[in-house]
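Let me give you the structure first, and then I'll get to my questions.
Chains here go by letter, A, B, C, D, E, F, G and H, matching the order in which they are written, and residues are numbered from 1 within each.
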């Protein structure tokens, strides 16, 4: 009989520095070894879907903001695309371009938080603050455009709430130029740091077939080696007009699909987003952004499932319309919700410290998990 | 009573008092912690006996090593149901009487015997002297100790590892 | 790449005994409806059949169809009797790049649906959520308990159209 | 001075307390507070921030406010803790880390206790800290605390081996265990420092130099681990174990852990300085010698010693705000698989060199 | 073996690289905004506390209907025909007394949805963000310019008028029953509302 | 029985001075319980980040409630979370303070009407000292809330409150 | 006479005294308002499940064990390091043999993997293990993706 | 009161010794027995060193004490490893019960 360390149940969260909000992980430990991880969610369940049923279509937009609060723009975007498809309306060119610019800026901002907090989880405090410093500049761009720093309510069904600020293009270009060296610095400081690599490489390896079966999407799936990006795969808006690469995990320092890959895919995606934004800025047409906004949104009876590639993966909106002013049912398929499901599988057999590494690498936002 | 005496009594009381607690406390982890003070007290006694090097070795090996190992051992092997780790005791009364007798005998023997008590000329610092002894008189012991430690290391590790694969 | 109609034909041929229908009237996406107790077989078939290979479940949503009889209570609230609760499955095939929407409806009073958790692991939490929100019972689900609401929530299923808030939860006032 | 006080009081104990121990205390305590301030400022500047600004000019009073606040805080001893040991642990930890200062030579005139086995004593007394930490962790009856304490203990004891091996290397070169003597050996100019191969101009010096650098690096790394600093701060890793072994401690008891942590940082830096970088010796001669004012020399020495010490404390902070932290198994691997073998080989090579 | 030395080297080297980066940042000027002493100007579109310019408000209730969280409460009373409420700045005629215009800013989600539908552009978001309070009730802002007494008065006035009208209508109703019944219905509903308000006050 | 538990009936200069000193220490070293709930937490993080730098005010996050003085409820408090928040608050040693940040924790915010699982205001479970409005409040607004709190602490007194 | 160790002892006493005084001073000032919740053990706001005083990971123990032996070894080496130069090469040899013998032990431990913290391989989730029902498609997924 | 001398140390050591014996005899727990043993060894060591000082044997006594400490360490390591093994086999470290279990 081998010596059996008694199993110990250790709670991580809901108040814990590294659970990225209010998540409770119930770790079952054998010494420091993880036997099982049970995520308990719902501490931030804010009844989004119930609210949708009581709101008119435009009124839902501010609530989508609050779902995945790190990528509010993209939530608006996805919702707008879904309702537009339901209504069957076209939006002006300029709107599409601005949406893409905003969406990609949001992607950078969101990835910056993901990377920064990941550094924090691994124990490096400084990269976190560098990331937030740069993110602050994106936020000020957003604020200039729509007046809010975090929850924008900017992309509306059929259009946008405001046109771009006259300085926006110039400032964005400035920002992008300053930002590229910063990513390099970040890489040197964190990504290529030996300690960081040791902590993340070969940890929490997610094989491709499991990822697909678990419905993993976004950077997490790409890190497992599949170049699957909805912007390519199932194009919405005008993404088919841009030239960008889809970074995939290559297992540079360990196995394909480990935490380092998941982390690094995000870093590379920031480069791609920069490219998309630059192209979009170049081609940005003139026009009116509010012209296509319907006065009364009253879609026909029917259902629609629309998905967009939000910074965390496939954000799906399933909307059932009963022909009235309010949606009959809105269901959101959040990428974090699905990623978190895998936590238990990924952590088994690792040490306590690795839980933090794995959790950080799948980059969840509890607002979206719980809605 | 000189200051030397005061310190001696202090350490003696510390040693014996916590030694008593070691053997009597119900909770084995408590025992281990009390052992810390006993060992510390003994180290103090060594210093008083002009054995500075040994005193520090005592601190380092006993407090820093054996005690920690014991603590880990305790934490590893004891099934702790709720709060207290209880260790059973057997036949307390005979044991008390027996050891009491034993103590009496030894103490009286110690006191009766007329030890040739003449403070020797110990060098104040002993490390250097110990080093010389180790390299001259005890050089074989020195190497043998290395062997012993090697065996202990391998033995202990393999026993601890056994069928833990 | 297969259209929903083609998939419907395949299913029809494969499961002649099951009541499978297609509703292509919705302007946006055709929906294939299948009976709740055959969900497991059919989804396993959808996943594993050559040429279909729906290897990923994008989304699983419970819906309260609210098509039953509405009864007014004395305190002005409504409860719904009869009708159905539905589950929508949005499937996607990563390898073949086609998608399909499947729907199944179960009685509101006894909403039992086969679990697809053994087919797509991701359904685990989705189904728990549907259970939590609508009280749809997924047969053979390994761990069907509340997920978002507190485990000891006993005031019903909040996303049902006739849900009513309790006044207090553990001493905390719930309504504003 | 000590003699003078002895004459006045007619009792060496009181004289010692007033003349040596208290001043040292008075020095170390504010140092810990200052170090906290320094750390916050350094981290802030590294992160393009400002750090404490609003409490006193440039936030200078920040840590004083902190400690004053901690005094006012309620002291919670949770009902399921093992109260006796819970209360005892801060004493042990604090005493253990402060006793180390007794043997550190701050200047030629100023050393708490010129004990002959000085460096050995410092290593040994730190085991009190280990026991204290384990006690704190165990008595807290908190899982995070216990895990943290276990990790802490395992870490500190493991890293004691490379530390001691390097100390052995130095002892082999210098032939003494007394820190005072080691400091004296590296007198006057920086090329006499141990890291440059010690005093004298023989072949040995040049042969020793690279190995001394290696030794220094190993020593510094393991001393980082001994004081639980990043990248070895897993025992109190915020992102995993909340606050490690002092999770349950509040108020003044927590302050004791806090103070001893920062005092420890200075202690290990001081040891590194003494062993490798000339201790209290000035790198380029003494003003006092040039001017012929002999009482200036100890003051200069004190100045050099503290500034060197603080310099290395600063580097510790610098590292902390740069690096992520290791995992517990990697931590052990670094110690057992890297540092110890290197130190081992280094020791033997240095031994051969000294025989030449 | 090679891996062993490579690890050692990489460990030391990358740490060194990192240290250089952070060292450089020691001399990068900080980006901190020293808030209470320095306040950066906010962009013009910034969305903070709501403000209602009551001079322009016509009490059309559009904003309250647009608000997703229902944090605007507006109560209005029809003005008497002889009262002239003036015009708004963009030339709309005011016809209602706004007896109550409360915004519970504690509930507001700063989505700006209420701003767009306003026909007179009198509700807008300002750049005031410093209004933390010790009491939550202080966060309910009353914009109505009428005092409670005045509001009371307006309601009574209106009711009086309605009563008179009613009397007239009652007389007229005999002549044209159907038409009168229709108007009555409408009036009743408004009256009902007013009655309710009165109760609550 | 500590000094802070006492209440003096009359004030003298010593008490006033001691009071001032203690209040000063308390208000300048508010260690925050590192803990975020929802979107507001992101703004709270932004407040501790370089641009706004909480550290200037002496606010540093402590992971354990045992060592913190202030808890910033930053986000939506759900029913499931409320009891935990209450416990965390309880587990902080006295004296302790609460800032309620954002509409959600003030009164349920956008979720006050249909939020069947949202606690409508964190003051239903724990006593709030300062309400910071906003959704999310700008970092400056949070800082202003903190300044308000400091003001409040400065006014605290050991003297018996005249009833 | 006050020996050097006496000074250290005084120092220790002073440190302990300081802690005592500080804690006592704090006791005079701080409030004391325990409640039941406050006195619960902290665990992220959740209920504590089970005691932490459980049997612990054997790895800590093995580390302590190896440490102990090496600790003892370096302790023995201290007197040697002080004096070996006096004996020249002979002295050195004695120490080196000692060291090498223990180095052997170290090498043995290393080979046996006792220096590794955990010997279990982290488990990589494999779909075939997770899914219970027969699964034909998974192999094909990979193939088809590669083709496309 | 007489000045502290050899006898004082001897008395302390013998008391410690008896305590150790008491511990070994009364405790069932193997780790506890080990602690008792440590006490005994310490008592012996005090004697060694006391005689080294008062008996004028030079450093021989101290060297002996040093060896004893080292032996104690080795012993503790092995003994604890054995205890661990006993625990593995019997899930118990109570000596008498293990005795019974053997049969």
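The working rule: contacts are C-beta pairs under 8 Å (C-beta built on N, C-alpha and C of every residue); 3 or more make two chains touch, one makes a residue touch a chain.
Given the structure is predicted, the values throughout are model-derived calculations rather than measurements.
Identification of common neighbours of chain D and chain F yields A, E, G. The most distant chain from chain D is C, comparing centres defined as mean Cα coordinates. Farthest chain from chain F (centres taken as the mean of C-alpha atoms): H. Chain centres here are Cα averages; for chain C and chain E they lie 40 Å apart.
As a whole-number value, the distance joining the C-alpha centres of chain B and chain E reads 77 Å. One inter-chain figure worth recording: chain C and chain H are separated by 71 Å, centre to centre, where each centre is the mean of the chain's CA atoms. With each centre defined as the average position of its C-alpha atoms, the distance from chain B to chain F rounds to 52 Å.
The set of chain D residues touching two or more other chains comprises 13, 44, 46-50, 53, 71-76, 80, 115-116, 120-121, 138, 141, 143-144, 147, 150, 153, 157, 160, 177, 238, 242, 247-248, 251, 321-323, 328-329. Residues of chain B found to touch two or more other chains are 3, 29, 52-53, 57, 60-61, 64-66, 68-69, 72-73, 75-79, 83, 127, 130, 133-134, 145, 149, 152-153, 156-157, 160, 163-165.
In chain A, the residues that reach two or more other chains under the touch definition are 1-3, 5-6, 8, 10, 14-17, 32, 42, 45, 47, 50, 62-63, 66, 126, 129-130, 133, 136, 151, 189-190, 193, 195, 210, 212-213, 226, 351, 354, 370. On the side of chain G, the complex with chain H involves touching residues 58, 61, 65, 68-69, 71-72, 75-76. Interface residues of chain D facing chain F in the complex, by the touch rule stated above, are 40, 44, 47-55, 59, 61-62, 64-66, 68-69, 71-76, 238, 242-243, 246-251, 254.
In the complex of the two chains, the chain D residues touching chain A come out as 43, 46-49, 143-144, 147, 230-231, 233-234, 237-242, 321-330. Residues 41-42, 45, 47, 49-50, 53, 85-86, 88, 210, 212-215, 226, 228, 233, 300-305, 307, 314, 316, 318, 320, 329, 331, 333, 337-338, 340-341, 370-371 of chain A are the ones that touch chain C when the two sit in their complex. Interface residues of chain E facing chain A in the complex, by the touch rule stated above, are 7, 10-11, 13-15, 17-18, 21-22, 25, 31, 42-43, 45-47, 66-68, 109-113, 116, 125.
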